[in-house]
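Below, each structure is written out as structure tokens.
What follows is a pair of complexes built around subunit A, which joins subunit B in one and subunit C in the other.
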Partner chain A sequence: MAIQTVLIINKSGGLVYQRDFLASSTKLSSNDYLILAGTLQGVTAIASQVTPKALQISGSNLSKAANETEYSIPYAGPLGVKDQKEDMGSFLPPDYFTDSFASWSKSGLKHVTTDQFSLFLYQSMTGMKFVAISTQSSTSNMAVSFAENFLRKAYCLYADFVMKNPFYEPEMPIRCELFDKKLTEFVQHL
Partner chain B sequence: MTIYSLWIFDRHCNCIFDREWTLKSNQASGTTNSKQNEDTAKLIYGMVFSLRSIAQKLSRNESRNEIRTIATGKYRAHILCTATGLWFVILSDLKQEDLSHVLRYIYSEIYVNYVANNWLGPIDFAETEQEKRGQGTRKITNRNFVRGIEQFLSPMVTR
Partner chain C sequence: MSSGSGNVQNGPAVSTSSKKSLRVFSDDIWKNKTAKINAELFTLTYGSIVSQLCTDFQRDFNKVNDQLFAMGYNIGLRLIEDFLARTALPRCDTLVKTSEVISKCAFKIFLNMTPQVSNWSNNKDVFSLILDENPLSDFVELPMDASKELWYSNILCGVLKGAMEMVQLDCDVWFVSDVLRGDQHSEIRVKLNRILKDEIPAGED
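What follows is the complex of A and B.
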């Protein structure tokens, strides 16, 4: 799975970070990416509105335990972490996390596939959206859980190198060299 | 393995057929061409339209880059766009990874046979100017078509 682009969208639908990792993919202007981010925000809102009636009926009497297992995402191994000696910010080696975790967006958009690529979306509890565009078009559920693992690690990097930067203003475009560097390294190790 | 609903849109942004199953246990449950589903149809149309334009913008070469599936935390939408501007959309549960073969069958064997090849049916489901701008409410009511859809998709509802 080659990651082509990573986008970060803030809670109001604005693009705060965009980076291409493949040389062949810089065709869109930054304005186009802004529009893309806004559209994704809108689609996420719509997608949760069109929940099928069958689910609305059966959803109310599902037990809480069943609900929890359904939205838990398995840990996919040391994705993107090259060796255990490398600097992991404030996280302890061997990996950013080693347990399965819960998905925050229970009804929002998660995964879009087209003939040429697939797009994955990870949402944090605070409304930040992490988007990865992969050059491989895959419809499998495996790919989704891999992508959520990858994006959660990107979120860990964000927490470390963006949120702990005193010069960063919340909701504004991210200009942090260290974050750039770490994310690039991370994608290259995938 | 469950499918929740089937939607067909024409090139004038109108929903020309919808079938929604409401009970997993009952193949005959749910609604066909329901007026209550108009708003949902509009939302689904908007969602597919937006993501389709994103896909076209992001395509690497000149070839068309059509959208295939949209997955949310609760359901997955499978989409088939034809060259004539028809969209076939199926909503299913997340266990269905790819239903494009099902959509292609519905188009080529059911839609083409009972709607396109039907001399008594309309060529276009929008007649007035107004209806060509997404305001139309005409539906496919052809008996054979509805029966064909029912026979083909019902086994997938309860399984």
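What follows is the complex of A and C.
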């Protein structure tokens, strides 16, 4: 699975980061990306408002344990981490995390497949959205959990190299070279 | 991935449901996944910030308290992302759970200490964190003029306030006692004002 583009959207729906990793990808103008980000934000909100009737009825009496297992994402191995001596910011090798984890987005948009590519969306509890566009069209759950693993790692990088940069202002576009560098390395090792 | 109950036991998704597993979970994160530095470096850096602030504000300790709180608030707004990226814990559905996550997980990971949670109000919207040890205030003795006014570790209150605000919990946080002022123990009071329901991101239940 090759990652073509990574986008980060802040909680108000503004695009704060966009990067293409493949030279061949079709060029959109930065304005188009802004519109895409806003649209994704809107579609996620709408998608969480429309729920099948069956789930609306059974949702309230679903046992909590079942609910938690359902949204648990398995750990997908040391994706993107090159070797154990790599500098991982404030995290310790071998990997950023090694447990399965729960997804915060339970009824929002998580995955879009087209015949050319797939789009994956990871949302943090604070409302940040991480979007990855891969060059493969995939419909399997496996691909979704791989993507969630990858995007959680991107979130770890964001927490380290963006949030800890004193000159970065929250909610503003991300211009942090170190974050750029780390993310690029990370995508290349996928 | 192994299926069945064995896997569920280890996953962070349910680790908040039993006290022991949240503790084991945070111990593991602290021990195996978080880079460490010498705590004295941290203590002394904080000490130099506070003493510089006292000079800058000409020993007006109320202003120093406010400034420390504001600095902590700005740290909290950012630190929450690190905490969430590291732990990926699910949203807390009660303040009781929040207090457990704060004491057993957040304090453990960032300060390597586990404050006790106590003094719950009747409707469970106010609680206290009792800090038996406080790495910020090692080597510190307050000067005479500061001992009635300065809350030396007030930055912690700001951090808690800022971090909880980012997960839509509007709280008031303040110190009620401090060993540096001669009290029995240091106590931080946390009061939940309201949950900012409108700001919970779409797609979360």
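As a convention for this text, the second predicted complex is superposed on the first by the 189 of 190 C-alpha atoms of A that agree within 3 Å, B and C clash if a C-alpha of one lies under 4 Å from a C-alpha of the other, contacts with A are read in each partner's own complex, and residues count from 1 in each chain.
Definition applied: a residue touches a chain if its C-beta (ideal position, glycine included) is under 8 Å from a C-beta of that chain, and two chains touch if they have at least 3 such contacts.
As the structure is a prediction and not an experimental result, all values here were calculated from the model.
By the document's definition of touching, neither partner reaches A:18: not subunit B, not subunit C. Of the two partner chains placed around the shared chain by superposition, subunit B and subunit C are both touched by A:71. Judged by the touch definition given at the top, the superposed model places A:115 against subunit B, while subunit C stays out of reach. In the superposition on chain A, A:156 makes contact with subunit C only, while subunit B stays out of contact range.
Once chain A of one complex is fitted onto chain A of the other, the partner contacts of A:48 extend to both subunit B and subunit C. Contacts of A:134 after superposition: neither subunit B nor subunit C is touched.
By the touch criterion defined above, A:102 reaches subunit C but does not reach subunit B. Of the two partner chains, subunit C is the only one that A:170 touches; subunit B does not reach it. Look at A:36: by the touch rule set out above, it reaches subunit B but stays clear of subunit C. Within subunit A, the residues touching subunit B in one complex and subunit C in the other are 47-49, 71, 105-109. On the subunit B side of its complex with subunit A, the touching residues are 2, 4-5, 20-24, 30, 40, 43-44, 46-47, 50-51, 53-55, 57-60, 63-75, 91, 94-95, 97-98.
Interface of subunit A with subunit B (complex): residues 24-25, 27-28, 32, 36, 39-40, 42-43, 46-55, 57-58, 71, 103, 105-117, 119, 133, 137, 139-141, 144. Contacts from subunit C toward subunit A in the complex involve residues 1, 7-8, 10-14, 25, 32-35, 77-82, 84-86, 88-91, 166-167, 199, 201-205. Residues 11, 44-45, 47-49, 65, 68-69, 71-72, 74-75, 88-92, 96-102, 104-109, 123-128, 152, 155-156, 158-160, 163-164, 170 of subunit A are the ones touching subunit C in the complex.
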